[in-house]
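Listed below are the structures to be examined.
Shared between the two complexes below is subunit A, which has subunit B as its partner in the first and subunit C in the second.
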Partner chain A sequence: MNTTRQRRLKKFRVFYLMFLPVAAYFIIFTYYPFLKGLIMSFQENRLLGVRPFCGLENYRFVIKEPNFLASVKNSLIIGLWDMGLYFGFSLVLALILNEVANRMVKQSIQTIAYLPYLFSWAVIGGVWALIFDLQGLANKFLSLFSVEPIFFLATPSLARPLIIAMGVWRSMGYFALLFTVAIMTIDQQLFEAARIDGAGRFTQITHIIIPSLTGTMKTIVVLLSIGVLTHFDEIYVMVNPANRRMIGTLLLYVYETGILNFKTGTASAGATLVMIGTVAITGLIRKFTGYDEE
Partner chain B sequence: MAKQLVKRDRLPLPVRIINTALLIFVVVLMGLPMLNVLAVSFSTQAKSDTPGLVLWPSPATVQGYTFIWNHVRFAVPFFNTIYVSIVGTVLHVLMASLAGYVLSQPQLPGRKTLTTFILLTMTIPYELTMIGIYAVNRDLHLTNTYAGLIINGMISGFSVLLMRNYFMGIPRSLAESARIDGAGEIRIFRSISLRLSISALMTIGTLELIRRWNNITMTVTLISDMKKWTLPVVLRYILFDQTTTSGTSYIFANAKMAAVVLTAVPLVVLYFFTQSFFSTGIMIGSIKE
Partner chain C sequence: MKANRFVTVLIVLVFLVGGLFAQGQVERKAVEVKVLAGVTGGKDDTENALFEKEMEKATGLNITWEKPPSGYDQVLMQKLGAGEVYDLLYLNQFQMYALANQGALTDLTSRIAASSVYSENVDPDELAKIQMNGKYYAGFNKLEVFPLVNVNKAITDKVGINLNTLNTLEDYYQMLKKVKNYMENTVGRKPYYPFFTYMPDIWDLQPWFSSAGVRRGVFKDASGKKYAPFVQAQAKPVWEWLAKLYREGLMDPASFTGKTGDMRNKMWQSQEIVMDVDWAAWTGLYNNNAMTAGTYPHTVNVVGLPGTKSPSGTFMLEQGGASLWAIPANAKHPDEAFKIIEYMATKEGGLLLSAGIEGYDYVIQDGKLAFTEVGLAHAKDHGAPFPISTQFDLGVLGTMNPGVLESVAIGKRADVEVAPMGYADGELDARKYYDIMSKWMTDCIMGKMSADAAMRGAENELRINSLID
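This part shows the complex of A and B:
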């Protein structure tokens, strides 16, 4: 028994050796930092040397910190709006795009809509800076209705709508593509049968296309729910003293507190709370959509 | 094939008109800003300072490009980002195929445990372990180095599982007959499995290259030295921060938009060359785990 086991292990030794670098990477750069962050959330703010444990002190501090509480609110508002609008806009785009009979036209529109998703948030930030400049396209358009020029990027009340719109502009085409791929896999015989029953195109859309997208819808909603509290890149790009109060999200708080100001304990406690929040939100969404049933 | 046989019904005319109007709106909404950026980047300094509805530069000039490339030294982060992205992507593809290959061996003892080990890493989002990652990298002296940028993200659970699934689709008999012919496992991996998986390797390679080229979070976590920043972080600085630093001359809108175009164009080129792999990547991305 023992010898066959040994022979088997010897036979597979080369595979374990191949796996070794991968395992080492994940242990050092994924599992260990995760644990380290968790431990640091129970330790005093100190980057160097020994960090004494301080129990739940960091958590007690952070849940009373006005900046943290403001970022919770900003994260929820921006995250939930983004989630809803990414979903709604991309679904509508996929449905109206599907009605285009000409393949070339359809493909071209799809490519134009998808293109911004390839770009870094900094590139999108550049587009926004130009369009919403004091003399930019948006103000030129508004001047047609004799509206005074607005300094969009420095107006606090417009900060959230602008950052949400930025996300929709970048991601709509990508999520629409996911829906389009799903629409393409629908069995064509269903449409044939519907036509024999006398159903028009509109009924076909509401009774065949939309119901067969349920699975994709669930997947996309769950996918989006993971990101609700983790908006960072676009905020990092667009944040300025005028709009910080409105768009400073949780991860910006964690980044600035922990990495720029070295308050590692406070930041880790914040990050841990974000993690718990994310688990809660995804859990709720999964339950609500019945994602795990089937 | 079935698609061509079935004639499609069309929507009633009024709905079709609304549909077309919406699509034109989408094209304008997406296309106009991009065209605007492109046109301003080729405009003269004076013209570009009042951007408005510039959709065609007249007169056209590359002033903005030469200014940003030479005067602002945009070339430095540009080539550094190419270096970091390409080296990182090659390593990523290599590591993912190694791990994926191991996990695709049906008789491997402990295969389930190893798969769970990989799956669990996908549930830990990078953004939330930022502080831990920073601390670990600082202890290993990887902060403010390109090695740090290359090593972090050198592999991902997503890529490993994608490769595993692809390898599992390759007929076992190929490896078996090679084994009978006396080929070693490494040899089988190299000359059979990898050679038959070019499209999967291209898929994860392309996705990783884009991810690395665009990455902001990792750069700002690990790199505080401005001289070592990657392209998107430098671009953000040029766009929004340069007014707050003394010493640098004013960067006009044409040069700023030239920087935007230079950051975006490599990806557009990559996209058109690898379009066929994209659809695979997107398809895989939408499959329920």
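This part shows the complex of A and C:
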């Protein structure tokens, strides 16, 4: 057995050597900080010096915090809506783009849809503030129909839809691009055969394109599920006293309660809970979509 | 033989030179003081290197002056959390409390008590403000000023308002109404919201709560019980007054969603507001900006006002949280670090932290400071626009921005009380306090709930979070 292993090790030694830098990168920059964070979550809040272990105290503190449950609720609502809408809109956009015959028009739409993904959240936040400010473009447009100005940015009932829409607007183009690439790889003979059999475009979409995209869909859904509980940047740029109740998410809670107060233990416990939640959601999604099935 | 002798001499020389070099290194290391600085230092890498040299020249120490270009709080947390060791840290007052509570800072009480520099340069009243349970964990970076009411007199003059007669909430309400009416109906700028207050940290409200005789933050009574005056019954009329301003279009809705930068631009650049509450230094900066834009004083002429009179007849203003220098508990060179703290409290240190570096920010001409183009761009601020030293004469900085000295002078009036917010002996989680208060009281001001209900809601949440008893 050992000889077989040794022989294989020797045979693939070049590949193992090539893998070493990658392994080192992940150990140093991912697993070590993760492990350190995990240990810190069981230690007292001390930025300097020795940190005595305090058992589950930090977890108890976080879970008992009145704002924690509200943050979980906000994170789930925003995250799940985002996941569904990112997926749906980007798929529809990719299917529409596939139907555009003019290459230039197609590429222009693709670029325009993809462009917001290149902007930082701070820029996106600024753009949305300009649009939805009380004296912004949206209200100027509504005034054309004699509609009273709406204070979009400070109306609690509009806070979540705005944040979700902002995310969809930013990321739709990116996921649509992934779908488009997958559509391009579908065997053209299938379409030809369908056409000979008298299938129209809609039938081709529902019977060829969508079934062919199953693998890509599963991957995108799993990727999106990883982000359900990790919304922070867009919240940070858009939060204000009027909408805080509706959009204060878990990572904002971790940032404000832990990091701003130098409470390393509390912040690590909060972050670990986010990670456990993410693993659970991703696991469920993988099972639900049959991601791991052959 | 000759060769042997040559080799012997060579070996001796190598050891001698190596030894000297090593000794030099040891000596250099012994005095190398590592500083992590927030706002204090050079404005860019080039100037920061010059600042470091100036600091070294003044203290005789070998200093590494590390100043992150942005995101100081995160950098501080990351560096300390990662185990990096510093001798001196720039902190705000809350950070000092948080780290001192964790035992992460060196107790400086005996050093400060024994320091002749501190006794000769630092006002004991200022010193008392940074005490924590009778101890000192930091020294000063600068003298903190205070926010006060800033009004664009160029507009109020046109409306015919005498600013000296404004003492009550009703006076200010009437003034804002007249300005709104004038701007909307005579000037034709509709809608015009004359007043901006930055709500996210309920930061700018003290001049109004003075009318109720209460202060922001959490205090401890004689029995040690923690209470928040802003949610007590006497504060209610002020919240109702703010709600009335919003309801009647006198308060800019951007107060809830905008940033301080928006407020400032609206004040001097576009004159979209006529009144805000901002730092005393900003009275001058508004006018200075307007002067550059050619709108001072006919369109923009900002003056500072003390706000509203308290029931006891004084004007209660809030002093800004201190910016401080602390020595971490694991510092390698605490004595040398304290030398830097002392230097920053001298008038010479004050000059470096305000005017900047001689030969770069300014030159001496006929015994007076003449600012270079770079120095003018740096606006006499390298971390301390108002140095802490009582011996520092602001006059050496030349002509101040219009209106700033008058605003600063308001704080020295006998009928004005400038005091810090309530820190509950360093126990207050300020971020949480701000969030809870601004959330509930925004609902009150926007008319979503009554002042009573909002104050009760805020009080309950403060209590659940153990911020008050």
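What we mean here is this: the second predicted complex is superposed on the first by the 262 of 294 C-alpha atoms of A that agree within 3 Å, B and C clash if a C-alpha of one lies under 4 Å from a C-alpha of the other, contacts with A are read in each partner's own complex, and residues count from 1 in each chain.
As a working rule, a contact is a pair of C-beta atoms (placed from the backbone, for glycine too) under 8 Å apart; a residue touches a chain by one contact, two chains touch by 3 or more.
Small disclaimer: the values here were computed from a predicted structure and weren't measured.
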Fit or clash - subunit C, subunit B, common subunit A: clash
Which superposed partner A:Ile259 touches (first subunit B, second subunit C, both, neither): both
First, second, both or neither for A:Asp133, with subunit B first and subunit C second: both
Partner chain in contact with A:Phe19 - subunit B first, subunit C second, else both or neither: first
Partner chain in contact with A:Thr230 - subunit B first, subunit C second, else both or neither: first
Greater subunit A contact set [subunit C / subunit B]: B
Partner chain in contact with A:Gly79 - subunit B first, subunit C second, else both or neither: neither
Partner chain(s) touched by A:Gly167 [first = subunit B, second = subunit C, both, neither]: neither
Partner chain(s) touched by A:Arg245 [first = subunit B, second = subunit C, both, neither]: second
Partner chain(s) touched by A:Phe29 [first = subunit B, second = subunit C, both, neither]: first
Colliding region between subunit B and subunit C, picked from 237-245, 255-263 or 291-299 after the shared-chain fit: 255-263
On subunit A, positions contacted by subunit B and by subunit C: 47, 129, 133, 240, 259, 264
Residue ranges of subunit B touching subunit A (in the complex, touch as defined): 2-3, 5-6, 8-12, 15-16, 19, 22-23, 26-27, 29-34, 36-37, 40, 49-53, 95, 98-99, 101-102, 105, 107-109, 114, 117-118, 121, 124-125, 127-136, 138, 140, 151-152, 154-155, 160, 184-186, 189, 210, 213-217, 220-221, 231-233, 235-236, 239-240, 253, 256-257, 259-260, 263-264, 267-268, 271, 279, 282-283, 285-286, 288
Sites on subunit A touched by subunit C in the complex: 45-49, 65-66, 129, 133-134, 151, 153-154, 240-242, 244-245, 256-257, 259-264
Subunit A-touching residues of subunit C, taken from the complex the two chains share: 73-74, 77, 80-81, 95, 98-99, 102-104, 199-200, 253-254, 256-257, 328-330, 429, 431-432, 435, 438-439, 441-443, 446, 461, 464-465
Touching residues on subunit A, where the partner in the complex is subunit B: 8-9, 12, 14-16, 18-19, 21-23, 25-26, 28-38, 40, 47, 92-93, 96-97, 99-101, 109, 112-113, 115-116, 118-123, 125-127, 129-131, 133, 135-137, 140, 169, 173-174, 177-178, 181-182, 188-189, 191-192, 195, 200-202, 204, 215-216, 219-220, 226, 230, 232-233, 236-238, 240, 251, 254-255, 258-259, 264, 267-268, 271, 274-275, 278
